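By letter and in written order, the chains are A, B, C, D, E, F, G and H; residue numbering begins at 1 in each of them.
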Amino acid sequence: MEQLIDDVDKKIMQLLQHNARMPISQISKEVSMSQPSVKERMIKLEEKGVISGYTAKFHLPALNRGTTTFILLKTEHCQELVDFCMDRREVTDLFRISGEYNYLIKVQTATIEELEELQDSLIKLGPSKSHISMKNILEHRVLL
Amino acid sequence: MEQLIDDVDKKIMQLLQHNARMPISQISKEVSMSQPSVKERMIKLEEKGVISGYTAKFHLPALNRGTTTFILLKTEHCQELVDFCMDRREVTDLFRISGEYNYLIKVQTATIEELEELQDSLIKLGPSKSHISMKNILEHRVLL
Amino acid sequence: MEQLIDDVDKKIMQLLQHNARMPISQISKEVSMSQPSVKERMIKLEEKGVISGYTAKFHLPALNRGTTTFILLKTEHCQELVDFCMDRREVTDLFRISGEYNYLIKVQTATIEELEELQDSLIKLGPSKSHISMKNILEHRVLL
Amino acid sequence: MEQLIDDVDKKIMQLLQHNARMPISQISKEVSMSQPSVKERMIKLEEKGVISGYTAKFHLPALNRGTTTFILLKTEHCQELVDFCMDRREVTDLFRISGEYNYLIKVQTATIEELEELQDSLIKLGPSKSHISMKNILEHRVLL
Amino acid sequence: MEQLIDDVDKKIMQLLQHNARMPISQISKEVSMSQPSVKERMIKLEEKGVISGYTAKFHLPALNRGTTTFILLKTEHCQELVDFCMDRREVTDLFRISGEYNYLIKVQTATIEELEELQDSLIKLGPSKSHISMKNILEHRVLL
Amino acid sequence: MEQLIDDVDKKIMQLLQHNARMPISQISKEVSMSQPSVKERMIKLEEKGVISGYTAKFHLPALNRGTTTFILLKTEHCQELVDFCMDRREVTDLFRISGEYNYLIKVQTATIEELEELQDSLIKLGPSKSHISMKNILEHRVLL
Amino acid sequence: MEQLIDDVDKKIMQLLQHNARMPISQISKEVSMSQPSVKERMIKLEEKGVISGYTAKFHLPALNRGTTTFILLKTEHCQELVDFCMDRREVTDLFRISGEYNYLIKVQTATIEELEELQDSLIKLGPSKSHISMKNILEHRVLL
Amino acid sequence: MEQLIDDVDKKIMQLLQHNARMPISQISKEVSMSQPSVKERMIKLEEKGVISGYTAKFHLPALNRGTTTFILLKTEHCQELVDFCMDRREVTDLFRISGEYNYLIKVQTATIEELEELQDSLIKLGPSKSHISMKNILEHRVLL
């Protein structure tokens, strides 16, 4: 399902990746192309599904969720786990994975003490293993 | 490091999280507040570091990177690993973690075959363990 | 239980391994032996149980079963597992093994997403561990 | 890459799976179709790559290779391992896999004592884990 | 929550760490400071919570508890485990930890045989793993 | 090597365990025994090695060492590890243990970020596994 | 509990270890000591419990129990396991051990296929891990 | 390789298993058979290899080797390990095994402290895992 993206598309994408609120007028200057053409290209990238949206990024420590932990979980209660994760604001990511555990959960808590409460809730769903992040080196990076 | 964020701030943040390109005029209507006040609040949220930026979201399968894999790696060659990850476009996330392995790497490849090539490059850095995602249920979600 | 197989037997076996539909006339030429002798030797090899049959080989991706996964499973419900495997067309191999897990299951699915459904069915039987094949280098090879 | 296979194709495939040496005349009777049509369908299945060949099946205990063992191996020396496996008649299958180990090797030896010698040869390539089969319940089964 | 501790404070702390029953008169001499000043500093260190108390150290082999073992435990019954540990004189330390197991318990028994009885009591709470200490190299050391 | 300790001894030990600086006059009142007798018993307990000393207890968070982590380490370099631990103020406990890892190290750091630096120093000594404490429930407790 | 054993005692013990049916007359010659003295020394070694008995050694393959397997088992049902092992002639050794599993069982079966039946009986007692011996290099050796 | 052993043979074997020094006259009475016949049967059992010898049993704690430990070891240096085990009086058993580790070693030391010295010697041969026995429930039992 590879998309045909030319160099101008890529340049526009990089500008929006860096600042999604950049006005079309500025993008137009940066890529040396008329504003209607830029607009048209953006709509095409959205329609083709290459660009799936624009979002604000939040600094999680500022939201009191600065401690990152990965929990690997082995459970028979798949739907229950998914429902639990949907409801908890600490959970930011959830993956069904191959290997010894069947789920990988990424959680953001204020402290490692707060993590204990979350793990207590998970215990009844099955055995788990937690890895606390000591340093978030790269996150959500998409190299274009 | 908790921030004082009131309900209007939260509403503005949710609107921008949903669509980072929403014009201030529309946000103004949604939160029933004058445009200069909205603007001022946005600037405050940015200055306090609650909002750390605005970005375009890309659909990775459309970029030929639709297969998600988590690699746990135990290495003595920390700097070499960080440099390697920085350079490879397949790598989107990198964490220094507690536990048996010291790094968690998130990679996006076109196929599981392509993953083999990446793992071959990692082998010389130390023992690793890979978990291929069968379903990405939640990604980068921040509940406000 | 070693069988006495001479060089001509081995040559015949190799020809049939390469092409089980090879006519006796052609085998006869290849091994420089009369057709009745070839026929007799083939019958002997079948009777002694060295040759246990002739089969068509199917290209599994063409049957929408191109993703190979090995599942190690630890279960108390041995008969239930065997019955389950017998019924599922994704399962091609099943072994009772020594070690930490008591069964090794080889499955062929269309995609890694389809694998999830199969694993959900296995979860109630006990803890398991899956290894997805990134490259099938050798399969069912018998060096003669 | 799904193939269009109708019920007659499937019936022919099943007959050949059961006995790859079945004459076209007999297949013709079984599926109630003229011999040339049967022949044509077989050729089509071969051309489309659904049928990838015909082979003789050997009873491995009769070849003094009746003990089945699965070896999981973690190695940095990928090419060396592949070369080793290619050369050893005990090795019947080799897969590059996800997870903690990077290769799964299926070997057939005369006895568990003979297995020791093979494992000694593998030791220098990296840590491994062996699972001896106590019962081969299903092997190479393709349900059509 | 770092405390401002000057060199004299540190010297007093070291003296008390070495011998908590040292009279103020002696401390006064050692740090070349008047007794009322020493007293005042000790009270300040106690009030600031730097010094949390003074205790006698017991030689555990003399109390028939000379064998040190660490037990890692994975349990769903958190409160039950905490209650159990509180009541058992063999248990000296208990931590809620990240990783595969959720508790680390330090126990002191007379012999390794006595350890068996304790582990039998823990078995119903969940899977555990014990590490017997062959040599206690450092214990409760606080370098000032 | 059990010691004969009577109820009065035990009472004295408990008083000193609670407050090692308690004057003999007060202990004398609490156990209803003359001061010289109390003194004599204390000397006997010290001579028999039941009481091995008196120490001040420090509140580690106040010393900027409030994060407790247990590191299991497998090393060939035993002396080097012991020397390393002796020198580092983060290390409070060190045990030579049975099981898969040969050392258990207890460390106290200011934060989980600071832990990273310590682990980097340990990496060259061999593979390790860290468990961060989310709650220190019991520490150094001796029930008399 | 060390015993005082002199060189003559040791020589007698070695002779009996090599052949427990050696007549006293022959031992007497080998150690150049009178028969009554040899007899007296043997009685003393038996009374002190150094020699705990004399037994015939059986060649297990000749008893159709030539395959040695070690099973590590984690169970809550300790008494049930001990009873099971007492009754089964395949079980020759049973130990309560430290570590992840709580029992180590040594079994002797005719073949690896027969092992399967034994493991099926153990499954309901808890998770286990089996190691099949490929070569018994040393057994029950006591170097004097 | 099953042997034909009748009930009288078995009875004789049991008597010798219980007391290898039992005189033929007493065995003769117990099995109600003439002494020459008993003698002949014993010789036959020895010639057929069912009885492989007679040995004295030693009480290991009396030899200052009362602590039993099982060490699982993964090594590339097979010959070096075998030589090491041959020379060390602490080692009583050695097996080449399937699974994650390639050797299982049974050792008898005076104390767990003495075990440390042995493990230090093994460290250079490869990673190992030790299980200390808390109770030897069954040892070398052969049920006839």
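Note that contacts are C-beta pairs under 8 Å (C-beta built on N, C-alpha and C of every residue); 3 or more make two chains touch, one makes a residue touch a chain.
Just so you know, these numbers come straight off a predicted model, no measurement behind them.
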Any chain in contact with chain D as well as chain H: C, G
Do the two copies chain A and chain E share over half of their interface residue numbers, or under half; same or different? different
Equivalent interface to D-H (more than half of contact pairs same by residue no.) among A-E, C-H or B-E is A-E
Centre to centre, by mean C-alpha position, how many angstrom separate chain C and chain E? 60
For chain A paired with chain F, centre-to-centre distance based on mean C-alpha positions, whole Å: 44
Which parts of chain H, given as residue numbers and ranges, touch two or more other chains? 96, 98-99, 112, 115-116, 119, 129-132, 134-135
Provide the full list of chain pairs in touch. A-B, A-C, A-D, A-E, A-F, B-C, B-D, B-E, B-F, C-D, C-G, C-H, D-G, D-H, E-F, E-G, E-H, F-G, F-H, G-H
Residues of chain A touching chain B in their complex? 1-3, 5, 13, 16-21, 48-64, 66, 68, 70, 72, 82, 85-86, 89, 91-99, 101, 104, 129-144
Considering the complex alone, what residue numbers of chain B touch chain E? 98-99
In their shared complex, at which residues does chain B touch chain C? 67, 112-113, 115-116, 119, 132, 134-135
Quick check on the complex: what are the chain G residues that touch chain E? 74-76, 78, 96, 98-100, 102
Name, in rising order, each residue of chain G that touches chain C in their complex. 69, 112, 115-116, 119-120, 123-124, 127, 129-132
